[in-house]
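Okay, got some structures for you below.
In the two complexes that follow, subunit A is the common piece, with subunit B as its partner first and subunit C second.
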Partner chain A sequence: MADTILSMLGSTLRISLPIILCALGGMFSERCGILNIGMEGIMLLGALFGAIGSYVSGNAYVGLLFAIVLGAVIGLMHAFLTIKCHTNQIIDGVAINLLGDGLSILLLDLVWGNKGKSTEVAGFATLDSIIHDIPVISDLFGSLNILFLMMIILVIASYFYVFRTPWGLRLRVIGDKPEAADSMGINVERSQMLYVMVGAILAAIAGAALSIGSIRYFSKGMVAGRGYMALAALVFGMWHPILIFLSGLFFGFIQALQINLQVYDFPVQFIQMIPYVITIVMLVLTSKNNKGPKNTGKPYIRGIRE
Partner chain B sequence: MKKLFVILAIVLICIGMPLFAGGSGEKTSGGNRIAVMYGVGGLGDQSFNDNINNAIIAAQETLDFEYDYVEPTAVSEFETFLREFALSGDYTLIISAGSDSADALNKVAGEFPEQYFVLLDSASAQDNVISVTFKDNESTFLAGYVAALSSETGCIGVIGAMDIDVINGFIAGWEAGARYADPDIEILRMYCGGFQDPVTAKEMALQMYARGADIIMGAAGGSGLGIFQAAEETGNYAVGVDSNQNPLKPATIMMSAVRNFKPVIYSILSDSFDGNVETGLRNVGIAEGAVECTFDGSEVQVDQSIKDALVTIEGEVREGKISVPSAL
Partner chain C sequence: MNIKMVRFNSRVSYTLLSLVASFTVCGILLLIVGYNPLSVYGIVAEGSLGSSYSIMKSLAKATPLIFTGLSVFFADQAGLFNIGAEGQLLIGGITSGIFAYYFSTIGLPPFVSIILCLTLSFIAGAVWGFIPGFLKAYYGANEFIVSMMLNYVAQYLCEYLVTYPFRGPGVTAKTNEIPASYQLPRFVDVSQLNLGFVLGILAVVAVFLFFRYTVSGRRIRTMGRNNVAAVISGVNVRKETIIVFLISGGIAALAGSTEVLGVHGFYINDLSPGYGFDGIAVSVLAQGNSFGVLIASLLFGALRSGGSRLDLRSEVPSEFIIVLQAAVVVFIATPRLIDMLKIRRRGSSKKKEAIDG
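So, the complex of A and B:
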């Protein structure tokens, strides 16, 4: 029994890692006022570029670097179109998701000559070799890798950045009242572009956590809705790094529970429904007092009053 | 200026779209021509769709025909593609791959009674359809039999993509074979929810191995890759399905329960080109050479006594002495 619980908790951490990373990226984007529902597509391309980098170099860290560059490029694109060209942020996000679907298959075919999956590539070493001898700790964290530590550091750093530094204060002002930020001499558009890129980079790293961080392949469509789940975790986590971390863990736990419940003889469709039902229930329960940044979704155009 | 740019862009896209989209090639008269609509998994799955593609390419070596195909990305596109193929009137046969295309195919086949269709992996009642179903339960029965005898923990597992008839056929055979070998074997069963989610499948496999299973079969298309990864990381074994997946991880994948499309596709094509189209259901299994359990390419040691017993069991399944359940 204790073993089962430990392995389920380990599973929780593994499942929640990409969701938390991606939701954290979404937080930076939405905190500065730019919606990015293209997270799913960015994760997919991040997973692909992680695999490509790892494939060409034989080193997972190079893969991570590839994913980061890819995230920056897509982020810049989304930022340019939504901030400079004032395109609808939702439509642009959908476009990114469609782009991810198509482009990933095209590149998969170009690099590996196969439209379904890559060959096996180098992945991150698990922490097991370091903490192998510590009983409970190794069961919990042994199958995780360096990306998990990175995620923890990013969550804490983001918290301090957003709530304890002057730059974080400016970020929050931009998302709530960009004209106020502008009048204080903050360059709104430049800040927004920067944060959208940061957000996309985090989403791309989340994608790489699936390919080079987990199964060491890229396979078509492998993100399987995690980008959208991250958006739910972002709202559920009230755009707050620590709460996002906790809500990501909660989603991971529900998923791990769902997996383990399948061993028993319940109708499987019912069990598979649980995470989604709980997501909806929790969102309904929390959304009443849960307001995001006030100006998200609207482009900031200087001198225009509502 | 901006407006001009937008108009220019729209015009360019309108001109460009048909150029890129219409890749069907020139028509040649006289020769035989077939069209294939693949399942949403698409080519490159190294499984169902690729196997059909390989079988058709192999048939092209001896038969003279041309071959067009499409890879729909959603179930909702099936009907349109099938109707387009049928409307063109160019094709001797239109092949529709996958059980999820059955509804669309039945509808379109009813609209074009003069056109012959082939439905792979599902049965159709239409008069102009050749439907082929595979007795996957026979090959997974053999795999389950070997797994139960090889398991050291007395516990094996299976991960399906979804709780649907085709997948449950695989699972029913696996469980029946395992129980035939060892009535007390414990069998864990999970569904990962999709054919393209290897990360969840890996997580499920890790949980199964943690619960004591030591051999897991995947009946989950592309998601199965995650199972192999979990098996390798934990030092356990996995079983491949559909195509021979043993070479992917020879030290981890013990065997594969495979479908051989080549003899089936070849006989349908050559009969049809000769003018002898035989519509109706073909339910093919071990006896027809359409399914088998193979160890080729695997480096996992399986006891010779088990392999010997397998030959006997295979013979009994072929002759119908053992009847393998096809549903859970």
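So, the complex of A and C:
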């Protein structure tokens, strides 16, 4: 029993990693006023590019670099379209998700000649090799890798950045009242472009954490709604890094629970539904008194008053 | 030419330019990864329009897109976004699959059975659409996330229903085969094109008339154009939001229903290869025009049917079509991109920018 619980907590940490990273990316994007519904697609392409980079070089770090570049490119695209061209942010997000669906299979087929799944690629070493002698600790953290440490640092750093530095204050002002930010002399559009790219890069890393972090291959549609779950974790975490971390852990726990419940003799479909249903329930419970950055979703156009 | 005609013409030319731009960008993408775009587009064109059979196939593929596109379009008119058409489609499909077989066993006349099945599917989809509408209206829950999560829930729910309680004979999980007379009649035996296509056109006309001539339709459009004005003029936004999601969900469910009743004759897992998401692209391309939904569905249906030939005849996977759709969505939703191209071509960028400020 204790073993089951330990291994479940271990898998909770592993599963929550991509959700937290992606939600953190969403936080930067939405705090500067730009919605990014395309997180799901960016994660999927990040996972693919991570696998491709790792496949061509045999080194997971190169895969990570590929994912980061991919995230930056898509982020730049989303930023350019929504900020400079005033494309509807939701529609562009939907387009990114479509792009992710199509392009991932196109490239998967191109690189591996298979439309379902890649071959095994190099992944990040797990911490198991370092800590496998320590009993409880190794059960909890053994299956994790360097990306998890990176995520912890990012969460803490983001908290200090957003709430304890002048740049963070500016970021929050841009999301709440871009006119005020503009009159303070902040270049609103440039900052937004930057933060949207940061957000997309984090989402792409979250995708890479799926493919080269834990299972070491890419398969079609492997993100399976985690990008949307991350958006829900963002709402649930009230656009606050530490709370996002906790809500991400919660979503990871639900997933781990779901996997552990599958051994029981009960229609597996109902168990697989659990994380999605819980997401809806959590969203309902937290949405009412929970207002995010005030100006998210609208393009900032200089000189136009409401 | 009166002002309406001018506007219409500029809309058409803008749409065509966007389409050309999308095909060009995706062609360049193909070139980069090492394929010949002209031969790829040639295969797609031949596969969708090359023979009377392929034309019928394109129309058959367009049928579910008319419904899902109309569903997204309907919500869009109210300023709402229904990304849940995919799940509503599945719910509608399984409803028809179960009831059509049941009605055939109790000996209901086929005509009555078909009408009942379509109605029940509409209701089931409406119930599925009600959930995000209600949660949005009364709890402020983000309707994208809720609808998207419901898509997964619908997928697993239908998978359960077709795997256990309503499984028909056979190796693959599917519902009992509906007798031919209880299916939607086909026009020609060899083609999947069926009466569902005509129903789709009727649905487009109905939605057009609804928005054009009914008070309720007007109210919904007012809400979509200016929420504040709608509230001031006495529109109950919560109630209308729920109504819109009910109808939108019902229309999307008809896509599943006509697929089951007209194409397959049973419900099967993976009934939809993403028709619900194609619906979003259709609605964007329609640009607020009911009949635009029809035209956009025909285009994307043709692409889907032509695209399926890519798997057989070329190295390019048929999923290339989805990338093409994404490009179309981006170009149509971003008038400025086309403006930029136009300005370049005229070589008067400075003047134009000066005017735009």
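Points to keep in mind about this one:
The working rule: the second predicted complex is superposed on the first by the 300 of 306 C-alpha atoms of A that agree within 3 Å, B and C clash if a C-alpha of one lies under 4 Å from a C-alpha of the other, contacts with A are read in each partner's own complex, and residues count from 1 in each chain.
Everything below uses one rule, namely that a contact is a pair of C-beta atoms (placed from the backbone, for glycine too) under 8 Å apart; a residue touches a chain by one contact, two chains touch by 3 or more.
It should be emphasised that the depicted structure is a prediction, and the values quoted were computed from it without experimental measurement.
Aligning the shared subunit A places subunit B and subunit C in steric conflict. In the overlay built on the shared chain, the residue A:269 is in contact with subunit B and with subunit C.
In the superposition on chain A, A:256 makes contact with subunit B only, while subunit C stays out of contact range. Of the two partner chains placed by superposition, A:2 touches none, neither subunit B nor subunit C.
In this superposition on chain A, the options for subunit B are 27-35, 45-53 or 99-107, and subunit C clashes with just 99-107.
Comparing the two complexes, residues 101, 105, 109, 115, 224, 269, 272 of subunit A contact subunit B in one case and subunit C in the other. Residues 41-46, 50, 71, 73, 163, 188-191, 193-194, 196-200, 202-204, 206-207, 210-211, 222, 225-226, 229, 233 of subunit B are the ones touching subunit A in the complex.
The part of subunit C that touches subunit A in the complex is made up of residues 33-34, 81, 83, 131, 135, 139-142, 144-146, 148-150, 152-153, 156-157, 159-160, 163-164, 274, 277, 280-281, 284, 316-317, 319-327, 329-330, 333-334, 336-337.
Within the complex, the subunit A residues that touch subunit B are 3-4, 7-8, 11, 14-15, 101, 105, 108-109, 114-117, 126, 143, 210, 214-217, 219-222, 224, 255-256, 259-260, 262-263, 268-269, 272. Against subunit C, the residues of subunit A that register as touching in their complex are 37, 81, 84-88, 90-92, 94-99, 101-103, 105-107, 109-110, 115, 224-225, 228, 231-232, 235, 267, 269-270, 272-273, 276-277, 279-280, 283-284, 287-288.
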